[in-house]
Structures are given as structure tokens and as C-alpha cells.
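Notes for the one structure printed next.
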Amino acid sequence: MRFLFLGDVMGRSGRDAINERLPGIIERYKFDFVVVNGENASHGKGLTEAHFNAIRNAGADIVTLGDHAFDQREALSYIERETTLIRPINMAPGTPGRGAMFVEGRNGHRVLVINAQGRVFMPPIDDPFRAVEAAVAACPLGEQADAIIVDFHTEATSEIQAMGVFLDGKVSLVVGTHTHIPTADHRVLRGGTALMADAGMCGDFESIIGTESDEPLNRFLTGIPIGRFTPAEGEATLCGVAVETDPRTGLAVRVLPLRIGGSLAQAEPIFD
Amino acid sequence: MRFLFLGDVMGRSGRDAINERLPGIIERYKFDFVVVNGENASHGKGLTEAHFNAIRNAGADIVTLGDHAFDQREALSYIERETTLIRPINMAPGTPGRGAMFVEGRNGHRVLVINAQGRVFMPPIDDPFRAVEAAVAACPLGEQADAIIVDFHTEATSEIQAMGVFLDGKVSLVVGTHTHIPTADHRVLRGGTALMADAGMCGDFESIIGTESDEPLNRFLTGIPIGRFTPAEGEATLCGVAVETDPRTGLAVRVLPLRIGGSLAQAEPIFD
Amino acid sequence: MRFLFLGDVMGRSGRDAINERLPGIIERYKFDFVVVNGENASHGKGLTEAHFNAIRNAGADIVTLGDHAFDQREALSYIERETTLIRPINMAPGTPGRGAMFVEGRNGHRVLVINAQGRVFMPPIDDPFRAVEAAVAACPLGEQADAIIVDFHTEATSEIQAMGVFLDGKVSLVVGTHTHIPTADHRVLRGGTALMADAGMCGDFESIIGTESDEPLNRFLTGIPIGRFTPAEGEATLCGVAVETDPRTGLAVRVLPLRIGGSLAQAEPIFD
Amino acid sequence: MRFLFLGDVMGRSGRDAINERLPGIIERYKFDFVVVNGENASHGKGLTEAHFNAIRNAGADIVTLGDHAFDQREALSYIERETTLIRPINMAPGTPGRGAMFVEGRNGHRVLVINAQGRVFMPPIDDPFRAVEAAVAACPLGEQADAIIVDFHTEATSEIQAMGVFLDGKVSLVVGTHTHIPTADHRVLRGGTALMADAGMCGDFESIIGTESDEPLNRFLTGIPIGRFTPAEGEATLCGVAVETDPRTGLAVRVLPLRIGGSLAQAEPIFD
């Protein structure tokens, strides 16, 4: 099977690009399954139910979140009703919502998607490694699951690489989100797991990681807030990673970056 | 002119790749100038004089450093004698060595290279923005300098993007180092400055950012050291970024990634 | 001479205690000079001009600030007019206001007060050690200055102790602020400088460092904001430190804690 | 009953003070139970078995640890045999040793001691609040336990205060360790739990939090290591906190600081 993961959708710019381009992308590159990280879709801060529905309607099978999961307070309630929206699995016990979902894609593939949050340079949270390990063990790749996709939302490159090594051979893809900058280290590890340190955002790169440059730059220079952070509104680059799996094992056969639109160098996931 | 920047050389694996491949790369792609970050060249920690000389002999015009600059104590003395080795410019006043060098390349181009260190998720250090601004002002692009290359050694993607916006139109390239993972966001900003959030390391990617995986993974899982960090010794990927400048202005016309050897997807900087 | 330093005034509770008790304290214990840290006086966030004036009217000769200096935006302008309000000296060049003031107290003593901000577990800022050293050198103790008081606003106990050692023999008092909890390590160092790691806040201790407990506790337990931080409104303990100096040298002869009112164990600075 | 808690024993200076003074202190102030934090007893780094035994022989009923628990590797094995040595309860599952012990004191009191580690400005670790809550629930105060003592090893004053509020009414004492500086905020909270943000170290205060000043000061000034950290060897101040409980409830009736020897202002825990 072939699946696509798209990184943090950033504000209106990112949402518009998802709405306009994702359906065509799914068709053109023949994706069987799509995961989109939506933690910044609503004004850069969290995800309203309306924006969640829009991302789903554009073709996402599962939407993941991150440290901004509940910036929009309504997410604390509607996440309980939704079976296609997940937040980091290692959030505190009792947190609304779930951290993993096992669903069937448009072509009948059964896919486990796990969202976890890192701890290096991130707010305190419980161990993501053990939490992900348990979720994978409950639904092993090549047995129950045709593919397992892990969105590891974290800052440090060491931590995402460690998660890749930790899960190598047990999941189809470990992909980082949160830094908003796509990395060029996509590869299939020795055990057959695809890894990419960060998918990059779906947002306007003429910015500081998706935010209009003025205020972030002011803060770096003076340390004193004078305005608010607002998402940049130019054309987004959709950033993500595409994986083709071995139907027998669910492991990755190939991994290719996707970067379409906006100001970044373009990359099309052409598998053949 | 056309120049190349290569990211953090990591241990023997990185040094060997530099020695074996850099001369051929310079010749094949016709680079007029080469900068290499050497902060991890000696066993992952700092840079001995012998390893510095080896990197220079392989074709580096300038070698830059980072937070590991003085892990090899001998660097505190030999850096004072060297005119082609720089450490972050915003280190404390009185730190041995210099943070910027203005030198002439093999084909007569006069190039200013600046090394600076970030502050987000990094050890405390003085303001890199003002320090770099002053160095650039003392030797403006298109006047004294044919090219200005800024190695901004930092962790956070927001800080490197901010430095790019800050210097846009005043330098040829702002490139990040330190995370050891190459990014795919290379582009020319509106004002003509090329930007890439991280050059990536020159090291073995079958590892956790260049270090043998066992001990870093152990620490993520248990929090308790049981061994030492040692550089991985498989074949390195040389990671970096190549820039072609407008001879009149010194600004970037094109920017292309370079990734040669080892386990990452290959990228050749073919400008035409 | 004899002077008093009071730590971070926290919200209405702290302001009320200052207004009601400080005049009597000054009289009873015969203080020649008073410094008050006001960074949290206005609803826990910064210092309005009205609240600054109230603290001054209650008897403060100099008011100091910290990382919250400009949370109340009006401080960016009125600080420029005030000669008795200072913010951390190591803020970025161009920051409104000054970081040190040399003033004359009610009984004719000439006092230099310096405010600086630490870097460990704090937002990035330039080197406080060199900035304070330069301010002290410009107005030496026992020559121009009858007393020098350093409010070092920082989190880590190691950093405040280091500042004490660094300045020992050159200033009358190094006192920490920012953690809001008074320490019991007040002492005169070998060189004659009094040191106390944190003065403690002037606020209601039936709280979490001055804030109503519910929301901070919620965040520790869930990681998810559900309300705002508001200052606790019970009776404040005024927390600070009193120093008696040798009139010839300006160095400390004795140092005593002050804790009056509220729920902490009381401590009166009775020098004889 | 009456119990004593002593903070981080720092190197030989701290060990000597424990050996020489603790037996007399127990006798003079009639302590029924003694807990000592030993995480820095062996050269500032961890706790050898010999040093653990020495602290026990001097009168400690239970020895606690912290982030330095396993700096001396032998602790990974001997902790498994010891029933009076605990490490933070929220360390990763599978970590050698236990995080809570329920033991009987010299006069027949049954005491539960819990060690936990904070997360703010500390290495990543699982939630200490839920871990402590579960340990308390398994052995409630006033039922199984005559006293419950919680050593919360953490940096941030907000986190230790939050733990106090969280456990108020359920334990006898919440005391912080790790900053090495005693605080002056000891008090009985409304629900009957005694709280003190940091017990302070048992070490030589003519130092930077127990370490010879030269190297820490050098690092603050230059950022570049030139030597090692070694414990200061002058006379230690024993720092801690004493609590008297209500025999019916196990809650605190009074709480008093103890500071004996060395260079800090002395405080004797005289309850009547």
C-alpha cells in the first residue's frame, strides 16, 4: 500500500492548500491512506471542529495533534466524539481523546496511527517510548495492521532518531513533526521502518516557521513582546512524506518526500 | 562564484569522507570556496590540530566550530595561531580565537565567513544577532566582500529562520548547523540571501545523529548512563549546501543541497 | 548605614502589605535606604506607573524589576522618565530604561543599585556577570558609593552563588529575586559581601509562589490550561533582607532576614 | 512523634558532619525518625555502598536520592538489596530499587518515606504527582502510617509548592531537595501538611552550592570547562527540617528548620 503523511497545517494558508490540493494529490499519486497533523490549523493554535472537518473532507483518514492539541478549548470535548482525531498518547491519564487509532482506509487497508510527544526541549510529559511500544504491541504490524504510522511530535533530532531505531522493524513509518521545517533524511532503516526527522509544515515558508516574521524577529532581538504571533498568509508549501509498503510485512519499501506549492523546492513522490 | 558549505564533521567516519571525497567534489562541481564545520571531527568532541589540518588539506578554506569548539583543549591554544579556523563570534569576550574571517579563495574571491551560536535550547551565550550584524557591517557584501557565509550553530528552527530574515539581502548564505540532520528548506529569500535551516552532518546516519545508537537509546529509555557516546563508524554521508552568487551583488542566485555517500538519499549540486 | 531589600511584590496582596507596613518598618528598624523588587506588583505581571508610585510613596528609594519588567506595556515609556526605577542591566542594547542607578538616600548615603538577570533556566539574555562588573567598576564601593546593592534576578541557586563569589568584596549585598521563596542562607562572605540566594516575595504564601493554587496545580497535573493565573489575595508576608554596613568600607557587617505578616514564620531584623 | 529530614549530603564535608553530629542531634532533640538525602555524598556524585552504610550508622532510618542516584554505578546493584535506601519513585519502570519504603522507627513508629523527582528544569521523567499519590493511597496517613515524609527532589519553587498543595492533609511533610540552598518558608499548610521548599544541603557553604567555587565561576564567565567540579572541603552546615506530628492523625503540628555547624546562621529545632 501507499500512504502519505503531511506535517503541521499552519493557519489559513495551510488549510487552503490542504483543501485545494490534497484531493488531487491523493488521486494523482494513488494514496491508500492519508494522515495530517493539524495542531496549528486554527490560527496557529490548535484545531477547531470546523477545521478538523475540513481537513477530513479534503482526504485525511486520521488527523494528529501535538503540544498545541488543546489550544482551541473546544477540542477538549469534540475529540471525545471523533474516531479519526488523535492527540499525543503519552499525555496525562484522563486527558480527553485517545493517542492511537486503528482504522480502515479507502481501499480496505487496516492502519494503526499513533501520535506521541517528545520530551527533549518540550514541556514535561510521560515517557513516549514505552507508550508507543505498548500501542504497537497491541496491534502488531503484519498481523492486525497493514501499516503502522507514528507521528512523533518533538523538537530534538536525537529523540526522533532514537524513536526510529527503537521501532525499527515494528512500524512502517516514524515521522517527526513540530519543528515545521522538513528534513532531508528520509530513508528506510535496516529493519524496514521508514524514518524522516520532520515532515515539515503545510504553511507559508516566507515567515518564521509559519508565523509572520516581524514579531518573532522582534522577540529574538529585544526579548520584549510588542505584538502577537499571527500565521503568515502567503501560499503554503504542503510538506510531507510518502511511503510504499511491502504488502506481506507492512514494512517500508520506499520513502519519498512530498513538497508541493509555495516557496520551497518542489518534490513529487513518484514511486516508479 | 560558487561555494560549498559542509555541516558538522562527525568523528572518523566524517573525516574519512572529507579526506576521500572533498577534493573530487571541489573539482567536479567547480567550487571557488569551501567552508566545513569541524566541531565534532575529533571523536565527536571538538577538533584537534591534526584533524583541523586534515580538513584544510582536503580543501576547506575556512573551518567553523560550535558549542563543542573547545572540547579538545588544545584548540584553546592553536586557534590563536590559525587564520582559517573560527569559533562562534558571540562567545564571551576574551575567548581564544576569532568569530569571523575575511579571506581570499583559490580563485581570488574575497569571502567573509562568520560563525555564531544560537540561544534557544542552547547554553547561555551573548546575542548572536547583534554580533553578526556588526561583523557584516564591517565588511559589506558587494563592497569588500564577494560573498558572506554565516554558519549559525543552533538548535531551534525558529532562531535560524529569524537569522535568515534578519540578514536577508546582506549576506550570501545563512546556514544552520548543530542538529546534524539536513533540512530540505534550502531557498533564496526575497532579498537574495540563501537559507537552509541545517546543513546536516558529515557522518554515518545509521546512528543517532552520528553517535552509535545503543547508549543514546539507553538514556532515552532509562535516564541512566551505562556507557559512553562514541561516533558511529559506518560510511558517512557528506551533507551540505552549495550556492551560486551574482558576481555584482554577492547575493545568491541559486542554492542546492549536497548529499553524497552513505545511507541518505543522494543530492548533487548540479547548477545547470 | 542600614538598608533593606524586599523581594518581588506580588499583586494586590503584596502592594497592600507594602503600603501598610513598609513606612512603619523603615521607622522601627531605622533603615537609611530601601530597595523593592516590583516586577509582579501589577496583577502578577509587571508594574504600572500607578503601582510604581505607590511603592515609592511607601518608602522605596529604588524599585527593581526582572523578566516581567515590561509585561505592563506602559513601563516601556514611563521607565524612561523615572530615575528610581531600574530593569535588568543586561537586557538588549536599546531597551528602554537603565539597569543601574546611583542615588542619595534620606540620610545622605550615596547608594548604587544594580539589577541584573540570570541565564540558567531563564530566557536568553546577555552576560550578567560582565555587565554588573562594569557598573561596579564605574562607581566603586568605599569611594563613590557608600553601599552597592545587586538584585540578581535568577532561578538557579548556582548562578546566584556564583555572582556572590564574583562580587565578594566589591559590593555590599548580592540578593536573588525571582523564585518567590525566601532562602535561609543569608551570610557575609569572606570578602565582606552579604549574600542571600533569594529575598522571597512580598505576597500571599497560601498559594503556589503567589498565584492562586488551582490553575498552576491543574497545569502540573494535566499539562492543559483551563484558566488563568491570578495572584492569591490573602495576607502577604513581606520578605526581604536587611544589611548593616561598615561606614568606612561599605561592606556588610551583618545581614538579617525580614519576614513580617502573613503565613510564614516571622523574622525581625533586630541588629542589636 | 518527632522526625528530622536532612538535605543533600555533599562530599566528604557533608559526610563528616553527619558522622560527627547526627548521633548527638538525634539524642538532644529526641528524634524518633531520621531521613537523609544522600545523592551527593560520594564526591558530589551519587552514593557508594560504604557511604550509604556510614549515613545509616550515624542514625538515618532511610536514605533518599535524586537525579544523581546512580552516578556511582555500584548503586545499581546494592540498592536492590537495601531496604532503607530509595530513589525517585517516578524513574522509568524497571529501574533498580524502589521509590518508597514503609519502615518502623526506633520507637515503634511506622513511617512511609517517598522520594520523587520533579520535571521543571530537570531531566525528562514521568509524572511525580500521580506516582506519589498512588504510594500515599496504598498506605494512608493515620491508618497504616504514623507519618509520611515526601522528599521531592526538584528545581522549581512552583513545582514543590504545587506538590505541597496537592498532598496537603495526606502526608506529614513535603520537603524539597536538589537546589542545595535551604529555604525559609517552612510552615504547616491549612490541611496539616508541613512544607519546606528546600531542606538545603549538608555541605560547606563557602562554595557554589557545595562545589569549590573556581570551576563553576569559570564556566559562568567563559562557558568553557577548564577543570573539574570538586566538593568544597570546609566545615559543613547540616541543613534540614524537623517536624512534630499529632499522634492521632500523623499530620504536622509544628515544623522547624535545623542548621548546625559551618557558615550559615544557626537554627536549632527546639519544640518547646
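Going in written order, the chains are labelled A, B, C and D, and every chain counts its residues from 1.
One rule holds for everything that comes next: a contact is a pair of C-beta atoms (placed from the backbone, for glycine too) under 8 Å apart; a residue touches a chain by one contact, two chains touch by 3 or more.
Keep in mind that what you see is a predicted model, and the values were worked out from it rather than measured.
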item: Between chain B and chain C, the fewest steps along chains that touch one another; value: 1
item: Equivalent interface positions on chain A and chain B, same or different at half; value: same
item: Distance between chain centroids, defined by C-alpha means - chain A, chain D (Å); value: 43
item: Whole-Å gap between the CA centroids of chain C and chain D; value: 29
item: Touching two or more other chains - residue numbers and ranges from chain B; value: 92, 124-125, 130, 221
item: Contacting residues of chain C [partner chain D, same complex]; value: 121, 127, 129-130, 155-159, 161-162, 165-166, 179-187, 189-190, 197-198, 200, 205-209, 213, 216-217, 220-221, 257, 259, 263-265, 267
item: Residues of chain C defined as touching chain A within the complex; value: 70, 73, 76, 91-92, 94-95, 123-125, 221-226
item: Chain C residues touching chain B - in the complex, by the definition given at the top; value: 92-93, 119-120, 124-127, 130
